[in-house]
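Structures are listed in the sections that come next.
Two complexes, one shared chain (chain A), two partners (chain B, chain C).
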Partner chain A sequence: MKNTKRRFVPGGLHLGREIIRLLLKDIRVELREPNTLLIVASFALSTTIATAIASGGVQIGNFERSLIYWLTTFFSAMMSMSHSFTREEERGTAFFLHLIASSYAVFLSKLIFNTIFFIIIQGIITAAFLFFIEGLVASWKYFLLIAFSGGIALATSSTILSAIAAKSSTRNALFPVIALPILLPILIAAIHATAESFENYKMLFPREIIFFLAFSLALFSISILIFPYIWNSE
Partner chain B sequence: MHGMTIVAQNISKKFGEKTIFKNICFCASPSHSIAITGPNGSGKSTLLEIIAGIRKPSEGVIIYQQNGHTLPEQTANRFFGFLSPRLRFYDELTAAEIVETVAKNPEARKRGFYLITELGLSDYYHMRIGKFSTGMIQRLKIALSLINDPLAILLDEPSANLDAKGKEVFISFLKNLIPYKTIIIATNEEHEAALCTGRIALGS
Partner chain C sequence: MKHAARLVHFAMPIAIIMAFCYAPTPDLHGETGRLLFFHVPLAWTSTFAFAVAGCCAIAFIFRKRLQLEAIARFSVEIGLLFTILATASGAIWSKLSWGSFWNWDPRQTSIIMLMLIYLASISLNASLKDHPSRATIVSAYLIIAFVTLPFWIIVFPKIFGSLHPQSGSLVADFPTKISLVCSVVAFTLLYLTFITIKLRLFLLYNDEAHIQ
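And now, the complex of A and B:
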């Protein structure tokens, strides 16, 4: 075997390369067996269609529409995000990740993957919602901004919660239990802000967007600090 | 110098109240490879995982050194190649994709293909892992443990599930690597243990 000369690689570059390799791996695995994506897309479609049929052509109030939108989003997050770490533990591939990458690379790659994945899911939910549920959107700009920033907050929180739940023997039951109290403030704020974007043509910049981004940043900082301990716990 | 020195000082491991092993001390280097032997349940795999930094010892410390400098514990695992029965791959990915995931640079990818070819898997390079036999997976694990030209190679039951030809290729790899790399093997195969200059017998 040929021995190659070792080159100095800065730590940040090393981390960046690890993240890219893991991210590519996750994308390939998801594309080969897109079960999660299909299940969540089916859930989003069936929920919105069922709501549209149940309302029988009667226009639903703005608050109720917002409630339906965010509950669909919330349960889609519960179904899809919980898999990010629990699947690695259940398949026994977490050990593989331990061997090939640092804990920071594992967490950041999962966070990036979850965020991209959830933006796609939310795109599907939003399209289905707007198509099937009758009603106006007064402020498109803020509706989309609230949906996007709220989605990022859900993805960030779900990633670290999934890592915590994955270490438990009752991981599938534990995830929704620990997720609900943490995601509830996001959910409540998102429902109110979205309802306003549906009805208010002269809506001012909603403070909820700042809240979602600050929440994501705070949770990201805490996650970076605690994840190595969670990941390396036996 | 292509190896690292691994110094274990009074390593003990307990699971609950049960002591698996106690006060293990050794120094492994390119000139001093080590075989860990012992009956099932004696803690061979656990000791290897402690050396690799995957598990924490209940007592004691492991020190990693290269050219007289101590390597930080959290980065030491970058310098290991580890073959373990606990290692599982993604059934959806091909061997080539697993190699790409593990290889840290383009040279490592080339080395990966070379090792895969030497181990007789080149025809299956683009086949999904889910279709591999256990022997083929073991060959892939051997290739992956060497792919990044690691300073230290930790091998846990390396010839398990290999046929006669596979064992022959593996032993020839090992003989070539032993003078240059720091090698620690957990095994009960006498011919593998005999290649090492030192031995730790657990459970005795």
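And now, the complex of A and C:
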């Protein structure tokens, strides 16, 4: 076993600087080769357009619309969330990250990067969905709040799972297998809450948002604790 | 644990006899209600096995003893077996009570999701077969699965509202209560027996020095 205590509790200011440095590095790499962003955006667009064409202009029910929206979001997450850790392992840069940064900084920078990346993806999905799939949104405020909080919950919860999957040689196939059942509570809650926001003008604050918050916090807390052991494993 | 596991040879026949001969026929479900004495203990034991897997995974991460990881892995396998049996017995009961084997009740969804989560841990274990840190990575996944366990078992059925009877609603009289407790104890001992056998096999195939 490697020494996991060497950089276990870094100082706050130092940690902050490390996170920003790694985050900027990830953003720079992503902007240099925006392949994943383009692939996921294409997937989201083609899925939404294919659904709109298949429905043939017929108005789809609120629950079905919510289902289409979240399934597109969910599978876009499955395609994109693992790539930041996978890239480090495939290019052999994970070793250098071990040398220059603490495991906390690596995890938090990847988490922030994944969240920003997923917010962009979800913005594209939401725009395409509202443009191509015809239908009413009764409560705009809650629709956007559910979409935003659900997306953040998916990004937060899947970061640790992508770190686990990246350790395997079959990482691309493995990630959806291990992530899908863990993330399904978010998906199911989001589908129900979004369907209500489509049809209910007098919608009350959805308790699903509290569920997203609790679920993400629980997974985030445990991720922070166990990530050093995953990251420092051989 | 070895001696406790031996008690299953007495506890299981007693539990079966009590379920069929001592407990009265339930008013609401008739003779089919006796499924209670098998379905509830199976569901309880599967949850217990998954909780043990989570606790052993946490202990392994800190203490790095392969025996703990082995117990976690065996608990997942046995827990899955109990989950499949609980799902099957639940489906039969659902057909008799609600008219269909499967109707996506939140409790049914929860158990099928738990099955998927722990099947994924077996897939992860298989994909990391020759990886030097296989045990650590699988344990990390089992800890994450352990954190989601209360969400599936408690939170999810509460948010979406379940037709599934809540604990205590079916058990009214003393003979039924005591028969159910006996059955739960017998199935827990059965789980301990399976773990003991698997652990003995594991110790036989792996030399002591390597395990320590």
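FYI, the second predicted complex is superposed on the first by the 224 of 234 C-alpha atoms of A that agree within 3 Å, B and C clash if a C-alpha of one lies under 4 Å from a C-alpha of the other, contacts with A are read in each partner's own complex, and residues count from 1 in each chain.
Rule of thumb we're sticking to: a contact is a pair of C-beta atoms (placed from the backbone, for glycine too) under 8 Å apart; a residue touches a chain by one contact, two chains touch by 3 or more.
Nothing here was measured: the structure is a model prediction, and the numbers come from that model.
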Chain C versus chain B on the shared chain A, clash or fit after superposition: fit
Should A:V29 be classified as contacting the first partner (chain B), the second (chain C), both, or neither? first
In the superposed arrangement, which partner chain does A:S55 touch: chain B (first), chain C (second), both, or neither? neither
Rounding in steps of 10 degrees, give the angle chain B-chain A-chain C taken between C-alpha centres. 100
Just chain B (first), just chain C (second), both, or neither: which does A:F96 touch? first
So in the superposed three-chain picture, is A:R21 touching just chain B, just chain C, both, or none of them (first/second/both/neither)? first
Counting residues of chain A in contact, which comes out ahead: chain B or chain C? C
After the superposition on A, what does A:A218 contact: first (chain B), second (chain C), both or neither? second
For the overlay built on chain A, what is the smallest gap between any CA atom of chain B and any CA atom of chain C, in Å? 8
With the touch criterion stated at the top, can you tell me which chain A residues are shared between the chain B interface and the chain C interface? 1, 234
Show me the residue ranges of chain B that touch chain A in the complex, using the header's touch definition. 2, 52, 54-56, 74-75, 77-78, 80, 82, 84, 86-90, 92-93, 97, 100-102, 104-105, 107, 111, 114-115, 146, 149, 176-177, 180
Enumerate the contact residues on chain A facing chain C in the complex. 1, 160-161, 164, 167-170, 174, 177-178, 180-182, 184-185, 188-189, 192, 207-208, 211, 214-215, 218-219, 222-223, 226, 229-230, 233-234
As the complex stands, chain A meets chain B at residues 1-4, 14, 17, 21-22, 24-25, 28-29, 32-33, 91-93, 95-96, 98-100, 102, 232, 234
Complex interface listing, chain C residues touching chain A: 61, 64, 109, 113, 116-117, 120-121, 123-124, 127-128, 131-133, 136-137, 140-141, 143-145, 147-148, 151-152, 155-156, 159-160
